[in-house]
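Letters A, B, C and D name the chains as they come in the text, with residue numbers starting at 1 for each one.
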Amino acid sequence: MSISRDDTLNWIKSCAAVLAENRDYLTQLDAAIGDADHGANMDRGFKAVMAKMPEMADKDIGTIFKTVGMTLLSTVGGAGGPLYGTFFLQAGMKSAGKMELSLEDWTIALEAALAGVVMRGKAELGDKTMVDALMPALNALKQSLQDHQPLGDALRASAQAAREGMIATVPLVARKGRASYLGERSAGHQDPGATSSYLILNAAAETWKNT
Amino acid sequence: MSISRDDTLNWIKSCAAVLAENRDYLTQLDAAIGDADHGANMDRGFKAVMAKMPEMADKDIGTIFKTVGMTLLSTVGGAGGPLYGTFFLQAGMKSAGKMELSLEDWTIALEAALAGVVMRGKAELGDKTMVDALMPALNALKQSLQDHQPLGDALRASAQAAREGMIATVPLVARKGRASYLGERSAGHQDPGATSSYLILNAAAETWKNT
Amino acid sequence: MKKLINSPENVVREELEGVALAHPDLVRVHFDPNYVVRADAPVMGKVGVISGGGSGHEPMHGGFVGFGMLDAACPGAVFTSPTPDQMLEATKAVNGGKGVLHIVKNYTGDIMNFEMAAELAMAEGIQVESVITDDDVAVQDSLYTAGRRGVGSTVLAEKVCGAAAQEGRSLKEVADVCRKVKAWGRSMGMALTSCTVPHVGKPTFDLPEDEMEIGIGIHGEPGRTRMKIKSADEITEMLMEPIIKDLPYKAGDEVLLFVNSMGGTPPIELYIVYRKAHEIATKHGLKVVRNLIGPYITSLEMAGTSITLLKMDADLLKLWDAPVKTPGLRWGM
Amino acid sequence: MKKLINSPENVVREELEGVALAHPDLVRVHFDPNYVVRADAPVMGKVGVISGGGSGHEPMHGGFVGFGMLDAACPGAVFTSPTPDQMLEATKAVNGGKGVLHIVKNYTGDIMNFEMAAELAMAEGIQVESVITDDDVAVQDSLYTAGRRGVGSTVLAEKVCGAAAQEGRSLKEVADVCRKVKAWGRSMGMALTSCTVPHVGKPTFDLPEDEMEIGIGIHGEPGRTRMKIKSADEITEMLMEPIIKDLPYKAGDEVLLFVNSMGGTPPIELYIVYRKAHEIATKHGLKVVRNLIGPYITSLEMAGTSITLLKMDADLLKLWDAPVKTPGLRWGM
């Protein structure tokens, strides 16, 4: 009932796979209310992360997350780069030296990660950003922790909450990021960053469902 | 059996009308093997000529032709401008002071006009230029003169020869003018300048058919 | 996709290789991380001025590196802000001991990446000031949003700040010049056609043959409104009026009028726009004392134009007229 | 038709009005007949250098009027050579007593119109020399045809002849410089898209989404061949190889490499082309000592590029580097 180093690496690999697969989809979402690069950015970043796999192989989870964060920071660019970079760097700080994560550890890591995103981007819930997926996911996780749910169920619930948060971005008028330049015209479109956040958390739920 | 000053002015007016009408057609021909401006150029020139109608009203035929030539020269541009400008200037020289033109006068005027075009442009028969319409037209005129044909018939024969010359440009490979840059690719298209020359001579035959 | 490129992945790298081959007298190009830097950097005792942003806007920013303008530029992927390591390395490379100004266009990505670079540079003991350009009046401004996009006035800011630094002014003074441009510059743009991001391979948006977008961004972001194409004069009015309404100017003020091509619009059309823009500015009592006309902040091959007005005072005029020698802007030397 | 214009008939006039408003310090614009002339013309004791041609190629020629380049330019209708009265008036306006050089691109229309103007000017006692540029290697050359088109090297000729005249050289000497450029310059161009002539309202030719024209002229004349689009490197090779084959050069020669945008191709692509062109020139032993990269001889909004190589000697280098101050080309002042 805990996430090992290998589980962590598998999650990262599965993030890379799922973002490569959804590259065009994310780009399409970004074309509608942004600049058509979110898919390419995330894919480029996680491809660079994959190239770092050998050097992460024997590291603790904190180091793995920090390596992922630094790599995303120097390869993604745009809004996604600093946000996801900070996300993993902050998660890494909370997981420093850890060889496995309990549900509680993961919740603490995700809480720090989200706090980092909010600190960097200053978005609030409802601004039509990745925060709209991440925050409900964290809240679901906290609830599961309180309810003593098993890890797999907790992750599924958290991914499900992220998915709902993502879908809930559709009617919103963006108040942060590039989509906010559109004003009212941003309504009616799903936020690309909320979508990639959902994909990443869903990959965690999928990868770790039997741990 | 002669062409009066009024006939002359009517011919010029009918040239303006027929070139305006065929503006897109000539442009289309020029788009295929040139730069898509022959129709606009000729139309612009003859519109400017029309604006000079009042000042030509009481002038002799030589002055009329010279005015047309000078106007075309300063408004048509491209290859058409100097060529048709020279055409009318030379015709004007041969008609200086004349109040009417016999078939012989007209033949002499056209001969000088063509000589001017050849002097300016140095094209020979078969180079795929307006010369391919003008030269057969002049030759037909000369033949009619020798055969003592009536003016109307002579003009019709000359327009018919121009038409045949124009059609004969289709298979030719251009050796002069902008179409020559195309080399072999110029074959299979009718020369725009030969076409405008035919239109102008045909307008003469039409306008003067009952004189 | 009709482009003179080899493969979408190599567009930025190969463009930079071209720049390196073309202008070795003016700039050096550093790869991994990517930045373009003055050939003689760092200039000791001079404030360094750097900028950066996504590629696809050339000559901005790399084409403005050289004497009297930028000390370095950091190009990101096409339309994607560069990463903090690029700005950090560039900042170190141009630090002549008097600090470094970061000129940042107001996009969340640019701001966050530059912010992180500035934090890292300052941790290494380099003084950094950042000024954010946000001149696009097409965007509704509000405290609760990301504010306005940084567009055309960025080019003007780079010129005058570069001149101020070249003159030997302090970091604060150079940053003050930038803040003046920020306060006094306003822009608005429009598109006749979409651009195609190389790795996307198809136009960012579909614009029917008889429609245009007013208030477009420089990344193919949709604009304020879409409408039937109008005449150049009407379009120029639609760009100028919101600018002038927003301007903190009054009749009698002197201005620089910048008519920019989005990439696919040729000079002949820009001058037709300039003619009307000049007329409108004059009608409002503004005196056009300087201008810039051409493709300076592009959006790949997008057809369209943007107009920028910048109020000028004696100091800005002097800085604008000062010699500049870069691949993209050059006079006085 | 997607253009920033008001009406097709007014394109040239309004563009010229824009030029007049934008650059009163550099040029004056005369209407009816239309010509753009140096603000301080005639410069007494200096050879006058004029050129002209159809509009739609801006900044060529009007954008090259000013100190150290052209004394006057005569713009025709779009893609249509101007008329003799324009050249005659321009010739008179720039005659400073040392004669006037006519730089004429090799098109039947341009040649005949300039010829008539030269005859008229000489009849009025002004010494005129004419040099015809004909650098387009895409055109099969032959004694029996109109020869090659004048394209990119015309821009270079205008720069160096303008500098030679500014230096005070005689008419024959300035014309000799032009003849050197004529002998040593070679170009070839290609199009990714057609242009649309304003009064025609639709593209001059239809080019499918995956095809290009190699050997295109600057008026949308069809080129040598049409084929599937290739990579920038392959295209650059297809342009460079015929140029180099035709060049009267040998390994070790110094050259100027000019990569031009046909109007719709943005800088980012030009630098990708430049990179490869530089590599190919170098591979052939040519030393690229100067370059010019940008939209200098355009074909309305056509997307595509042309490459010009010009062999340089010490005199051409000196003339190229001499100060120039025009709306379209400026350095050294």
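The working rule: a contact is a pair of C-beta atoms (placed from the backbone, for glycine too) under 8 Å apart; a residue touches a chain by one contact, two chains touch by 3 or more.
Keep in mind it's a predicted model, so treat the numbers as computed, not measured.
Take away chain D in thought and the touching chains that remain sort into A, C | B. Ranked by distance of CA centroids from chain B, the top chain is A.
The mean-CA centres of chain C and chain D are about 29 angstrom from one another, to the nearest whole unit.
Per-chain CA centroids place chain A at a distance of 55 Å from chain D.
Averaged C-alpha coordinates give centres for chain A and chain B that are 76 Å from one another. The geometric centre of chain B is 32 Å away from that of chain D, both derived from CA atoms.
Not a single residue in chain B touches at least two other chains. Within chain C, not a single residue touches two or more of the remaining chains. In terms of which chains touch, the assembly is arranged as an unbranched chain of neighbours. Every pair of chains that touch is listed here: A-C, B-D, C-D. Listing the residues of chain C that touch chain D in their complex gives 2-7, 11, 14-19, 21-22, 55-56, 58-59, 63, 192-193, 209, 212, 229, 231-233, 235, 263-275, 278-279, 288, 291, 293, 295, 298, 300-301, 303, 305, 325, 327-328, 330-333. For chain D in complex with chain B, the touching residues are 33, 54, 76-85, 107-109, 112-113, 115-116, 136, 138-140, 144-146, 148-149, 197, 199-200, 204-205, 217, 219-222.
By the touch rule above, chain A contacts chain C in their complex via residues 27, 31, 33-37, 40-41, 44, 73-83, 120-121, 174-178, 180-183, 185.
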